[in-house]
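Going by the order they are written in, the chains are A, B, C, D and E; count residues from 1 in each one.
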């Protein structure tokens, strides 16, 4: 049983398919926000493996003794500025400053890593930031929905969400503008004696897994 | 044509069809009389506009309340309705119940809260909530509420059946006066013959949804073939004028067509017109007037008609004075023993005298 | 935080008031009419409960958004899109809490029966007058239940609100979102505080409403 | 001691306290009589266990139903209760309403659904729902339901007030027989004097929560100081035995203490015991018996007591035969004119004869 | 997917049944008793609505989890922790939907009044007998409303369920979570499909329940 942060769910499903083909172990995926999963694990949720959306909470679990292994960085997320309507503008910074963006959505900076990153970007761009109204999605999925339904003009979302969707305007935010969105995986105590869980944990670092993960818009080491 | 209520309704009920087409006088009290389940309540509901009969025609004097094509909704009909079951608003106290219709009447009526509540003996209840009232008290409040709504026609569905004898005796004369004072017609459902004879001007007998007989009370009482004469307390009405008051004995003497009738109590000033009910069962006929008996009222009469009411008894219709008629019920044996026949001149000895409304 | 508290109260109160305004006539109609059409509408009224709030919010987002004719219409009426505004929140809350207002009201209306209406009609009260002077006073129970449930439900609602509100401080960030945020970001002490506050506050409000109603009511069984 | 109902309740009401402590016979019909709001319904509710009086003692024969310390809950008291307002279960049709108590009675009673519904004239209604019944029909179903529950005591709160004359006339004799057949006591609230005199064995007069008079009907009627004698339709009861039936005239002759009384119709086989009610208003007194009048019943009597009932009228208590007494009401003037005084021997001419229960 | 559908139906049905079992006596007691104590309990019953579902779920998680005495007690009773199991879901749903069952029932019970109970008592029906043969049949309206609202609300609920259930396929992953997942993972076509299905299904279920009830009921105004 794998607990997966919502934003990684699709990728995780692809991973598990590949994994199952290879090892014949079957995988059950439960998704939720990293925060929720963290709470659940602390209260006895029967998960073997956690694929979180950040490094903090896996670390916390580690220091709190819910696992014996250090968190594994399995993917690094990339932030993009996305708009449903294609634009002539290439540079997101310009787009943000030329007044076409009246409503801008980011994920909740407090709970979502991508939100935090987006906030950092905005902070760095304060000089240029102008007239938009900032809308906060609860998580990165909601933020994307805001933009996809046309309720906001642009949104900072995960690259993972836009790779499958070629439409619209996408600007890959330079890594320099935000601290890396490192996603950590840990093998939980519940799964230590589970061969399948151990296998999946190891599988995460395999090249095969890495290519899948990359396909979904993440950077791997 | 104008001073009449034309009431015509046809509507299917569970087992039969209510099918009524009558014209009743627009003044006075019309009593609806008939066995349980014959459609009395339904008829009142039709008049009030609570039951929508398809085939209908309802004229109150010159106003058309209902026709096949037009329908005045209930709340625009100026009726005062006393329901068969007490139906006070549970969220309003007695005063507010009483004033509910009063406040909504376009013109204020001639009755005041005070007057009505005093008469109905509910003055001490004004602040109570309905669930703290006895059955009779509820019904009295309901009557008061209907009266205070300044209606053009009063519909009363057995309003007094829950009341005790003395309360009834107080309320009936008041209701009697009421229609005179307010000059509105009253349609009154009752099972109590005592209420019929003391209140009715006009009677409509209903049976399985159809009108089986109707007419002014006075005529109906004397019609030996009509159902009323067959009732065990059949009787007749005569007009009377107060002619003398015997202060010493507290007796009032009335002059009636063809004689005098004495009644206990001080009824009214000399010249006051009253109506007297003579119960057929309590009239005995004699060839000579008794003078050593306590029978006070003895009237000379002539036999007009003898009808066998049952195998044991006859109803005898009698001519009194010039224009009046009264009814006596005697056994067939007495008839034979005294060899009574039409045209005989006799003395009617009357024990059962009661005053009723004018 | 005060912002969020005031906003929440404003939202819950406004939603309850609007629901009373919409729900009373709707419930009355449902209670008095017969037939398949009314049963269909009655069923539709419970539908907002079927979908998870977030999902409902998602569809509202689409419906009120610029892609939908309705959204555009409202947008031009209100001088701007409704999504991510307080007005949008109110609309979402109203739709989501509709069943809580309509169902209890309808039951109460039905339990009144015909007789009081007939009596009122014979006393010259028009249907509207009857409704206000007889039906509503006799429906205190249902009104109270409906209002409490709507109010409380709006307090606690957050799926819809989060979705169409966009968590904008001072405009759409209500307490339920705040507490959710605290829970998610593991600031549990804060979460406990707000949760306790909300519970205590609602408890006091509801209890005092109930007591007030009981006191002012002297009606018993008929 | 054992064959008695001891009924003792004290409970505060809105304006006064219900304070009753009576012992009534455990057979026959006890009529509770009194003005509206005097506490009759409350007393019945106390007996049924629906109203919990603090200070109470209730013994039905040898069973203790209530004492200050113990309280038998309502559903364990074998009462049949007919409420003042029709109270059918709206979700059950007439049959199911009728059988509700029947099914729950520990022992099956002697009455069947068929018998009861036929008698009450509700056989054609058995499949109906209560909201499709008229007022009187509902009340009849309620009576049937109470009867079918096989009660040990029947409590009836104005059960017949919504019924028409002829339905009443059918039901009353049935109720009369009922307590004999089932030998259960009946406590009966009514405002109708006609029901009192035809049904009551024992009378309890209630006024503002207190018992103002009580006793067997026969005695109460003759007690000139008691309230009953003051009512306008006071009267008296005498025992009678059928002695002859005149087939030709359909008249039944009764021998009573001190004479004979003739009544229309074929009442019963020779030797049948009956009770006859003589209405005081309809008895006239004469020094000589009239022989040319239609008055059939003339009885020799002796004056026992003369009481002035009002300023106009006197009640006269008369000795009839050896052991019987009857009541006549005459005007004071007649008394003076005939110079009536105690001990005079007279002839009572009786017009108002009605048969009542034994 | 079939898993999720069956699980959802099982959860909603079971919750409704349990709520009927708990709610009926509770509502009856609330309807019949008087006093501050009962008003307090009545208010407490609405409290589950005040907190956002996720937050409520959070507290349930804490209460039922291994850290709490109650959780441990239940854990030993049920032979294992209740959190993240179907039983835990049921408990959460029951608590969350309690007000929807209790409030309408209570109103209906109150509207019956004393008279039918008195009549039943004089006809030798014990209080329990009366309750089943008189009170419940006269409360169809409230029972129907309560059941529909609880059922539907359980269908749509997901905050609590997600929190204490943990989205485990086949055990705690109900439809509402599935649709939420689809919406979150941007598979909207799937989401539309399930949402439509849920709406259609609930619509048909509720409408037919309503019609059935109407048909079997011949009671009108009294």
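Quick note on the criterion: a residue touches a chain if its C-beta (ideal position, glycine included) is under 8 Å from a C-beta of that chain, and two chains touch if they have at least 3 such contacts.
None of these values were measured; they are calculated from a predicted model.
For the pair subunit C and subunit D, chains touching both partners: B, E.
Using mean Cα coordinates as chain centres, the one most removed from subunit B is A. Ranking A-E and B-C by contacting C-beta pairs places B-C first. Annotation: 60 Å between the Cα-based centres of subunit B and subunit E. Each chain gets a centre from the mean of its Cα atoms; for subunit A and subunit D, those two points are 92 Å apart. Subunit E has its Cα centroid 56 Å from the Cα centroid of subunit D. Centre-to-centre separation between subunit C and subunit E, using Cα means, comes to 19 Å. Looking at subunit C, residues 58, 115, 180, 183, 221-222 sit in touch with two or more other chains. Multi-chain contact residues of subunit D, defined as those touching 2 or more other chains: 85. Among the residues of subunit A, those touching two or more other chains are numbered 36, 39, 142, 145. Contacting chain pairs (ordered by label): A-C, A-E, B-C, B-D, C-E, D-E. Contact residues on subunit C toward subunit B in their complex (touch as defined above): 115-116, 118-127, 129-130, 133-134, 137-138, 217-222. Partner subunit E is touched in their complex by these residues of subunit A: 1, 3, 6, 9-10, 28-32, 36, 39-40, 43-47, 139, 141-142, 144-145, 148, 161. Listed in rising order, the residues of subunit A touching subunit C in the complex are 33, 35-36, 38-39, 103, 105, 108, 110-111, 133-138, 142, 145-146, 149-152. Looking at the complex, you find that subunit D touches subunit B at residues 14-15, 34-37, 40-42, 84-86, 121, 124, 128, 132-137, 140, 157-158, 161-168, 191-193, 231, 246, 249-251, 262, 264-265, 281-288, 290, 292-296, 310-313, 328, 330-336, 338, 349, 351-352. Across the complex, subunit A is touched by residues 58, 61-62, 64-67, 81, 83-84, 162-163, 166-168, 180-181, 183-186 of subunit C.
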